[in-house]
Amino acid sequence: MARTMKAAVFAAKGRIALREKPVPEVGPLDALMRVTTTTICGTDVHIMKGEYPVAEGLTIGHEPVGVIERLGSAVKGYREGQRVIAGAITPSGHSNACLCGFCAQDGAGTAHGWKPMGGWRFGNTIDGCQAEYVLVPDAMANLAPVPDQLTDEQVLMCPDIMSTGFGGAESGAIRIGDTVAVFAQGPIGLCATAGAKLMGATRIIAVDRVPERLEMARRLGADEVVDFSKEDPVEAIRRLTEGRGVDVSIEALGLQSTFEAALRVLRPGGTLSSLGVYSTDLRIPLDAFAAGLGDHRIITTLCPGGKERMRRLMSVISSGRVDLKPLVTHRFRLDQIEEAYDLFSHQRDGVLKVAITP
Amino acid sequence: MARTMKAAVFAAKGRIALREKPVPEVGPLDALMRVTTTTICGTDVHIMKGEYPVAEGLTIGHEPVGVIERLGSAVKGYREGQRVIAGAITPSGHSNACLCGFCAQDGAGTAHGWKPMGGWRFGNTIDGCQAEYVLVPDAMANLAPVPDQLTDEQVLMCPDIMSTGFGGAESGAIRIGDTVAVFAQGPIGLCATAGAKLMGATRIIAVDRVPERLEMARRLGADEVVDFSKEDPVEAIRRLTEGRGVDVSIEALGLQSTFEAALRVLRPGGTLSSLGVYSTDLRIPLDAFAAGLGDHRIITTLCPGGKERMRRLMSVISSGRVDLKPLVTHRFRLDQIEEAYDLFSHQRDGVLKVAITP
Amino acid sequence: MARTMKAAVFAAKGRIALREKPVPEVGPLDALMRVTTTTICGTDVHIMKGEYPVAEGLTIGHEPVGVIERLGSAVKGYREGQRVIAGAITPSGHSNACLCGFCAQDGAGTAHGWKPMGGWRFGNTIDGCQAEYVLVPDAMANLAPVPDQLTDEQVLMCPDIMSTGFGGAESGAIRIGDTVAVFAQGPIGLCATAGAKLMGATRIIAVDRVPERLEMARRLGADEVVDFSKEDPVEAIRRLTEGRGVDVSIEALGLQSTFEAALRVLRPGGTLSSLGVYSTDLRIPLDAFAAGLGDHRIITTLCPGGKERMRRLMSVISSGRVDLKPLVTHRFRLDQIEEAYDLFSHQRDGVLKVAITP
Amino acid sequence: MARTMKAAVFAAKGRIALREKPVPEVGPLDALMRVTTTTICGTDVHIMKGEYPVAEGLTIGHEPVGVIERLGSAVKGYREGQRVIAGAITPSGHSNACLCGFCAQDGAGTAHGWKPMGGWRFGNTIDGCQAEYVLVPDAMANLAPVPDQLTDEQVLMCPDIMSTGFGGAESGAIRIGDTVAVFAQGPIGLCATAGAKLMGATRIIAVDRVPERLEMARRLGADEVVDFSKEDPVEAIRRLTEGRGVDVSIEALGLQSTFEAALRVLRPGGTLSSLGVYSTDLRIPLDAFAAGLGDHRIITTLCPGGKERMRRLMSVISSGRVDLKPLVTHRFRLDQIEEAYDLFSHQRDGVLKVAITP
């Protein structure tokens, strides 16, 4: 007789619902994780709204913190009861894409080994972690033990928000002494700001319009903030840089307006590091692009995953270099998750990230 | 009494004319080069048509092969009578952009040291080389001696076409075993094809519609050719790569259609290396861009310049690895240059590049 | 009742012997390969001589070409009967080292995920492939299908010699127009020479003393050869480069003398890419190292492995860019392997590589 | 009648002496700087002791802070009276080495454009800056304006100590989450420690034996310190990293013992970034080098120079990310410089760096 568990599933367009589902069976390469803390991502809201299609009944969520409940027969190097996290992206480790370092485009099972976004499985192509239990595929590539001294909430940003935001700074190849602009200071933009500081940017300009977010940006590393509701951010950044522009701009929202502004503020030879999930075609204005002759670079990054990535991000937290706990502004039990979605999706009450505890 | 020389100047929209102009004065850091061979670039045609604005009366041309006639008082390390070339881009060597390796965006004289396309001076902001003499600025950074065994025509592609085309392959960071698509096989696209082969791409797919250009592409390294007038190149490349896509695509024309196709044929994590000079805004289709989540890279490159670049390119020619002489399909004397423009701008008679000898 | 097979094992110091051993059991992640062609590596000779210790009775060999005989229960994406190769290095895909791209230092099973040379398992820590059958661990990361049009001998160099030699060129980060010196033109040095050409080096200087090897070096890409028994190679290279030195030097032998010469011929800022397996401490002469102030780089590389690496190398062969068949100078049946070791270890009869067919 | 000035010159082995010398003539590309603050480097002590040979009578010193007194006739973009610094390395900007980004190996004037350490001119091949005035060659590539809000002492480390130390971190290609060991915490090692932190290392282990230096290392970013007089640093670091080793080690002293220890503590695939000026041949122990198969990298770095480098370093200071003022422990007037050398060369009184004011 199969045990059951509670899980938040995509019930219908506009509706996430809590349901009883069987606790998953554990295959030879899997691990069953008992979820102790998870969270809701902006992407989950897109899923809820039907803007990003997933199967009806799929368990949502891709940011698990928990404890190993059971290990697959072929999994070595872990023990049941161990505290672990897994990244939002769960690479197989053995696809051609993985073996090139492109875990997020993991094409395991395809003929050639590449699949766009193929590494994103939790809450997308397999059941996710807004549930009491989640099955972690390819466990040996994905389970990262949590150091004892770190709490669940301290590592809750590692699986996605921190990995993505830092990835934006890394893809920008930020160097010591760079000037960097970060467009939008939601959770991912805030982590991009923190990542830019961590890599040695010495002038970080954060753009948003919500005072609390701009204030948080300052705490995490921004040297200057621009409220785009009060002044044109392109003009403001040109003025601040005395006409030179920035070395790297990071787009962390997913709109034409921010993409375009991020391009316009670049110095010649600068890099636009794009993290946004866009929902329309994008336009590159001829002048902003110097007609293709400006030595510009546009780099997109999907959240890096895998246990080594998680280990590194947790070491950032352990070191005290960056403190992301303040991003958790609200807490809910799993059976309050519909309420949590309501708050989070409407960005009420100054919410940045919520913690969900099954 | 100043000597005079013949020079092809921008006379009016639609008209390049040969005029008498004074031979330039030589400043302390300059060198006066007597031009022995030069050529016409697609960019010169844009200038002729008034699509790219330059001052009336400016001498056109940025691809000089010649002999040092006179050296500025502060120029050391050269001797008069030496055979030399200079790149289309003539970096100062001392701007902030140059000191970062972005010679083409040289901002010498600006407050902050960066200027879009600032390294392009010949035939743009200073007199060019479709003339009997040309003044080479910052001569010590720009004059590259031509090895005795190489003819003028053998090195005629180095200043721009070869440097730009190879730059497209280099910006694509092509690796051994890569599959590469090159869109358009004009002179720059052909050099990109040759550059891709030189860097170790093992499957190069060249796209054009002119049979002679596709045939030349095969000679220079293409493993397969696609005639876009006969089949959709995106579909053809998907078929050839069995759905995987290419590691790197190079855009060498400057149109929305080729830019878009170059994006659509990329595998996840692939790089679009853009060489085209665009004349309209560009559109990035949402699906081709995987909504921003495909780990794609779009890199633009303006022709790298400076004497070390020229030295390296001439060493490619010396080694026999690549033979670009066949690109010179027609020859004219300087006083026939209006005729040469007529032929070249209408792409008549299978013209690829012309050699102009003052 | 277990089937048995013939296998060449390390019998005692100085002795490889053919023995009957059970055909291996297939675990869930393994594949059993029926070996159709394999070869002997210089490393195997070190093992035979007892210079590199392995367990008595271990099957030797790490360069398998064959056919899938049986797949483990958890292996997907392959079919029995498929022609495949596996690299000398067989990464797990899931260790921390693998997830950083350091497959050869795979520490699967260790606490932290790194182990020096841990990715080298065949004929080192597990049974190798000089046998009728070999068990391929972590099959999904390691089995690379062989294109139909390629023969066994055409791909026989991919698992080690070509991957290592090309790795030396890649670690040197060779660029278009580089001058490269390759010290020693044994099989690995010859592949380094071929790799240097494939990456765009335009002046390749090959050093050896065996005329046949220098001749083969010319066939594979060397522009000039230096017979070190006739002239000092450091002086010769300085003369050839007019005092400048080389951009990259590749050491492919493993002696102090070649290591030191490879350092001495570097230009300031040059890279020594080391492939040799050394058996003594190395000395860096103060003057050759510019007292530590020459911006020199010394990079070591262990053979890259995994199926994507094999796929890329086979695509080099398929493209016809490089033809390594001439490296196979002698052929033996598996039951003649002791004879093959005798010939190969004494480098008699102009042997470069032998093909062994079970 | 030429004006004269005071200058500290190499008088004889073991003796730096203050002399009257003519104020230099200003050539077309030069700038005359009135020195307001300078300092003494460990290299100057080597020169004083005759361990590094310079011409008798040469003015010593390569770390100038000052004011532009006069500009050469061809120098544009500056004004007399402007506060500036110049790097210890003063690239021409136009040599082949410079045009490849290797400013420190600048071979301006040589046939091929490369010269070991050729970019180091001040106090080595031309008069230095421990004087009332110093002539800055190739002024447009080298003069970096000092922001008004920064004091002389705040930027005094930029020309050499900070550029070199940070260069060690940069050559190590330190990434977010790296573990880094820095051997020796003199001024350069301390700056390497600060640079490692600035690039995102999250576990920095500083090695020295002087308590004040270890304490300063903690202030600048070290997470842990190892007193090598109390425990073997290799064992200590292995213990701290639980056997894994460090991603990057930085050698900042110049001895066999530190070089060797820096190699021994590396994880497989790790990078030894070497900053030391060695005075003996170096030995690479076979075991520490994994016989050449550990994917190790050894990178040496000479102080990067040029005005863009200086601009970036000053922006680090302006941002408040790093405060190097505490490194200035003692202050002298130029006419006390012999006393300063005495203190500094004997490392008395806890001296780290001295400020010298003409």
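Structure notes:
Going in written order, the chains are labelled A, B, C and D, and every chain counts its residues from 1.
The rule is simple: a residue touches a chain if its C-beta (ideal position, glycine included) is under 8 Å from a C-beta of that chain, and two chains touch if they have at least 3 such contacts.
By chain, with names taken from UniProt: A, B, C, D = NAD(P)-dependent alcohol dehydrogenase.
Computed from a prediction, not measured in an experiment: that's the story for all the values here.
Chain pairs A-C and A-B differ in how many C-beta pairs they share in contact, with the greater number at A-B. Counting every residue number used by either copy at the chain B-chain C contact, over half are found in both chains.
Inter-chain spacing, taken between the CA centroids of chain A and chain B, is 41 Å.
Looking at chain C, one finds that residues 100, 113, 311 touch two or more other chains.
Put simply, chain D touches chain B in their complex at residues 27-29, 73-74, 76-77, 91-94, 96, 98-101, 103, 108-109, 113, 138, 140-141, 306-309, 311.
Residue ranges of chain A in contact with chain B, taken from their complex: 97, 100, 102, 104-105, 107, 111-112, 114-118, 241-245, 254, 267-269, 274-286, 289-302. Residue ranges on chain B touching chain C, taken from their complex, read 166, 169-170, 175-177, 179, 195, 197-200, 202-203, 223, 311-313, 315-316, 318-319, 321.
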